[in-house]
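What follows is a structure written as structure tokens; I'll ask about it next.
Labels run A, B, C, D and E following the written order; every chain starts at residue 1.
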């Protein structure tokens, strides 16, 4: 069993090295061959992981002993790790297969597949690790692989920027991880996760320390899972190739944060404050991201924000104390989001764009892709019997039992998810007024096959998990919540889907945004910019008031006309509802995006800028003038003299 | 107080004054040569204090090391300085202390010339760069603050003594020195004894050097070796890989070019005070020899050459 | 106690180095310009360093003792740092030889390098204030010669001037501080001083003298605020020399300060651990922040090395309290040795090849010269502290030591700094891997002639001759080995906790 | 009281010695030597008076030089008890204090503020650099054998045999370097005619007189130290110590001046060359020889 | 010893202060070097004074002082060599002319 475990771990790394060497020896290798090597490795380790089912293989080795602390590295198969490994293996294999087709015409395919294999190997190590040290190492390796893969098209500046941003922002969270495991090492004297958890359960840690550690660990999860305030890197990471987005930025790497919390959940359970932090972070992230997703026009960006939102839901579930639900949602989300990404790649390949405003009516040209997309969208919207339904239902029941108001918020989330995915999918697949109707064709067989498998997963994985999952995972099940809530959730999801669809069919993917969201955005901006600009406004008072009055009158007129227009269509009640809902959603979305951009994005940028400015300021100290340098020495002498007076007694 | 004690205090006072005043003179005088001599005086004063403290061997060692060393060092300073005698600064606005230590600097001989400000060390007159704002400062310790230096156009001449942060420097060093003195006076924390050293200091030191401090002794030897080798390695003429450096080197060794009419030497050549006469000499001999006198100080040669190269 | 044969045997590595240095002086003067003979000093120096390494390693298990009437320590601590220093000298020599091949400097550099190493080796063992001052000078003085090795280089000249004057001033102030220690205790031996001070010295003078003494050590360790010389000197010297100057004197400075502080200021007198901790924060923060704004790689690495010094200082700050802080410091310094020298070896190659260290020269470097690029990338990642490289292990040990020594806040600050540091290391990596190299035609020729071919035609070659390969292999192997299998080395470095007392 | 007497004695001895030397010396010199080495090619500046001297340094020069010789005389023994002060480190003291003469030359040369006199400063300093190492080596031989730095002890150590017999090489070295230190032919370039006879040319009359006095005393002192180091000092049969001492001193002075005047004159550059390429190695060899002799048991016990 | 230790130390402190002034106020590298020599002198004086009053039986401090004097001499030698080179290459030893390395 141990041999199998090591095979599983080493296969992707071997493939990666082999590809690098191969590339050096024979630079002209065909992309397919390279892809199949990578695929083969993925298949080998999928097989190995499946072979490991039910075993409890583990291997450990002492890296070194520093002082009194033994630092070990090791891997182990437990229910949770096997479950996560299976997920990683499955999605990786399918994405690898898909990539064989997708990357056929790209340059640098060898590099791509080598990096892809490296990534899968690292991710697998991450999930199987039984040592915080190894987990941390794999965590960093995953970051490096992500950096390389996002920057794959390095000739594009946004890819470069995205790669840089992703690496550095996630690393910000890693700092928390590093400190957390060092603290754990100090407290428990071990880095073996099993021992650490045992010690934690034995009550080895007192509370403030425990909460601190939990929060530090959560900081790492925030970075990797793109929770607020470290969200901005994930949409930027969409500059990478689509298979990369599918694999890394939806299914595996971003789930690592959630996985980390799951893995160390016993620790979190003992830190209620940390759980609250999780809850709130998850909730706010999920909401804001869902709102932002509703106004995106790039399909991949819709999916990216949707990913953030769904990850927020998982974190929220964790915060509710429902790890099982989070784990289910992790798996379900991996399948349907990967499917969505793969279809996005197919659309991109086929139609040459991912811009919703340039698409439309693709269902006729690519029926298979369209059906996969629809399945995944239904799963995302929580329509039974697809995957999302099962997990969201679990989260909902946990929420209803613990904190009913969270359940209300969850309903809103489900509605929003339905809305944005309905909007996006409709805009792609169905004809809408003024749609350009590009021509497109179905992708290659390899790409279709893997998408199909994933779509099937998205269709059934939820049910399968709901039946057998609990036996696998070390978390207790919640009692199912009241039926009314569950029905309500499904209905709201469906309503969202329909609303989104209607909206697009009426106005296309952009119209309501112009009508409602922009003025709102301006208003919010006014608020943000605040008093300083108000002074300016007063200064230009007369002219401005005039214009304001003028604008007010015009808005009044427009409103009147709109009302008239709306009443003329009063017979279509549903339509009115749709518009109203859409308007509300859009308004929220505009606000949320603004918040995201101005507060968190800008906040991050501000932080970086101020760091840079600090560097620049300090740099001025290095004047190049020798006499100032020596002056510094003597100033220190004076300071030392003053300092020494502290000891005067 | 016995006679011996009075004598000791007297000797101490004289030697202390010599050391401190020497150092102060070194730091403030306008003449580089005098700086060197003042420093030497300071060293000799400290050596005297050593002898007073019955470390006679060390005192002598100090004197020997520094007379030779300082003479050579002054030689170098004269080489690098464009006004080693400091005469062109002699009548500048100076603080009291600078004026004190610069008393009696040889003043330029041609006071009746058109400038009449005693600043025109070139002696051939008409150098506009001399009238710069830095000179007009009223009571400043330095000649023009930090801005004044940049504003000066001395025709490539180094104003070796201009010191933009002088006032701050003086304040800082006063604070440091004063603070140290205050601490020393207020908190003497030294466990003094009445023991006396053995009279055979040379033997004692020799024995220590050969046993306990053998390593220090040998290492000091190595350090000196490094110093010699390093100085030779750095300063030896050698193959210059790039043209500029080679030119500079070659230039430094060329005989000086004749000083042409109409171009004031102060524009390109530093003029040590002894060269004040040189110009007259030079002019007197030009027809006869066509060449200048060969002694102008190596610095003068180099600078005039490079300045010409630049023009 | 007379200096018997025992004492001389105890300093055999030093004797070897000094003897070879003595031989090299005439040899270097004689062979320069004589074809392949000019490599003779290099060969001799390598032999001497290897022999010294061997003897030092043999002396590791010796019991702790102080020879020459207690002025010179032979103990685990000294031997460990001697090993690091000799290794640093050896690796740097490889790069220097590769860089100056076919030039006269190759004959002079080994001697200066040997003397710096000797100064460092002496410094880490010196127990006597006189010896400390002497060896500090020996550590700096030949380094001036190295910095000005290319005598016509104006940047190098400027660097030398700054280095020289700054060092002279700093070491003079330090010696002034040492005199007060002597005044308070009447002894020049660290251990006696420590005993006397512990028995009762005036706290004000103890603190003041510490402040003064810190200048000298801080200058060698490039602590903020004594770091001003470092960026200028590092960017003015040639790259391989910068590598050497940024490693060996720094390691020696750290070791010497540790010995000094632990022996002469026992029990954290004058609150030196706190002071050092504060300086550590200042050092790493300033180093990292200013490095963000650099556009030349040598200068960037200079600030990076200031920041790295800050990380080591974290271990120094807890040296008196955490039990394995000493070996953590030693470990970090040896990791720093490998990764920094690896980076500078590549910079040296590019500098000789292209005549510049501008970041723009590294555009697409990782794609043009994959192997050299990989060496540089590994070095930078290691400096940034990514597992499983040496820098990561070093940082883990240092942070563990800090937490162990009850300075968790310091560990937190250090960790935050590691993240900031990532920015600029990754910026270089992005330049190397995420940008297309410029077209060969647009390559600027080397200013001093001898432009190397910058063509993609030789993908296997690191963009230049194989002269740098020994250095590449050695440093990269060290970076990897220290990161992946730190156990054996750490066991070796645990000897560093044996401090003669 | 005794101190005053000794001081007066020293002064008297110095004055006498200087006078004797002053009158004795020209007898051995030809005009050619007095002129110094031939001038280098090219025109030289004509003689000029110090019209604008430095007010402090110009007069300080001869005074400093005289102080130097005066202080140096303190350790010259004319008899077992006829020594102004028997310092434990006498020889070392002598070497150090004689350097003041060079300092004086430099001050006077610079202070006169004429072109030629500054040349004196350069050349005098260069000559100091030339002689100082071999001179030290010439002393070390005697010191090693006597195992003391005290002049009296060194003379006592020669009770059995003069060191000239044991160390002829060292003695020869002393003769050469002594001449260099005393600025006598063939090492008179700082006083050559082509730079206006050095400091003499730029001096005022009273300074010139002091210079003559100082340099004459210097020659006397160096000969005296030579007698102490290698000729057994005051030791000799029949005659009283001081007489022997003076006899030996003047004999040595005669030999040095006469021998020097027969040698071709050297420029400063040649002096440096001679010093570093010939004298220093010879001195080192001498030290080795003396060491071997001591190990062999030769010399004073 | 009629003159107390503190008197000598004060002379040393004054020398130190003056050396500081010379080092930071002077612009000519040679003058700065001279300032550093004054600093070294202060060290020597301090050491010898402490030696005489604190521990006159042990001559170690004199050795230390000898080392300091040696260091001063070597520094002077190597410093002048460096300055010679700089002067040859740049025509000046004014330290404020050397400020191209900065930032």
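By our rule, a contact is a pair of C-beta atoms (placed from the backbone, for glycine too) under 8 Å apart; a residue touches a chain by one contact, two chains touch by 3 or more.
Because the structure is predicted, anything quoted here is derived from the model rather than measured.
Visitor: Quick check on the contact network: minimum steps from chain D to chain E?
Guide: Shortest path length, in steps: 2.
Visitor: Using mean Cα positions, find the chain sitting nearest the overall protein centre.
Guide: Given all protein C-alpha atoms shown, the central chain works out to be C.
Visitor: Among the chains, which is located farthest from chain A on the basis of C-alpha centroids?
Guide: D
Visitor: Report the inter-centroid distance (CA atoms only) between chain A and chain B in whole Å.
Guide: 70
Visitor: At what distance in angstrom does the C-alpha mean of chain D lie from that of chain B?
Guide: 29
Visitor: For chain A and chain C, what's the span in angstrom between their mean Cα positions?
Guide: One centre to the other, that is 43 Å.
Visitor: Give, as an integer number of Å, the spacing between the C-alpha centres of chain E and chain A.
Guide: Between these chains, centre-to-centre, one finds 63 Å.
Visitor: Pull out every residue in chain C that's touching 2 or more other chains.
Guide: Correct list: 128, 130, 134, 137, 141, 144-145, 148, 151-152, 161-162, 165, 169, 173, 183, 186, 204-205, 208, 231-232, 293.
Visitor: By residue number and range, which residues of chain A touch two or more other chains?
Guide: Chain A, residues with two or more chain partners: 619, 622, 624, 626-627, 630-631, 634, 637, 641, 648.
Visitor: Mind pulling the residue numbers of chain E that touch at least two other chains?
Guide: Chain E, residues with two or more chain partners: 9, 16, 19-20, 23-25, 27, 29, 32-33, 50-51, 54-55, 60, 63, 67, 71, 74-75, 78, 82-83, 85, 89-90, 95-96, 98-103.
Visitor: Once the touch criterion is applied, which pairs of chains come out as touching?
Guide: A-B, A-C, A-E, B-C, B-D, B-E, C-E
Visitor: If we count contacts the way the header does, which residues on chain D are in touch with chain B in the complex?
Guide: Interface residues on the chain D side: 40, 42-46, 48, 51-57, 87-89, 92-93, 95-97, 99-100, 102-103, 106-107, 110, 113-119, 121-122, 125, 128-129, 132, 149.
Visitor: Touching residues of chain C toward chain B in the complex: what are they?
Guide: Where chain C meets chain B, its residues are 1-3, 11, 18, 21-22, 25, 29, 33, 68-69, 71-72, 103-104, 108, 111-112, 115, 118, 122, 128, 130-131, 134-135, 137-138, 141-142, 144-145, 148, 150-152, 183-184, 186, 201-202, 204-205, 208, 448.
Visitor: What residues of chain B sit close enough to touch chain C in their complex?
Guide: Touch list, chain B to chain C: 183, 187, 189-191, 211-216, 218-220, 222-223, 225-227, 229-230, 233-234, 238-242, 244-246.
Visitor: Can you list the residues on chain E that touch chain B in the complex?
Guide: Touch residues, chain E against chain B: 1-3, 5-11, 13-22, 24-31, 33-35, 37-38, 41, 44-45, 48-57, 59-60, 62-63, 65-67, 69-78, 80-85, 87-94, 96.
Visitor: Using the touch definition up top, name the residues of chain A that touch chain B in the complex.
Guide: By the definition above, chain A touches chain B via 627, 631, 634-635, 637-638, 641, 648.
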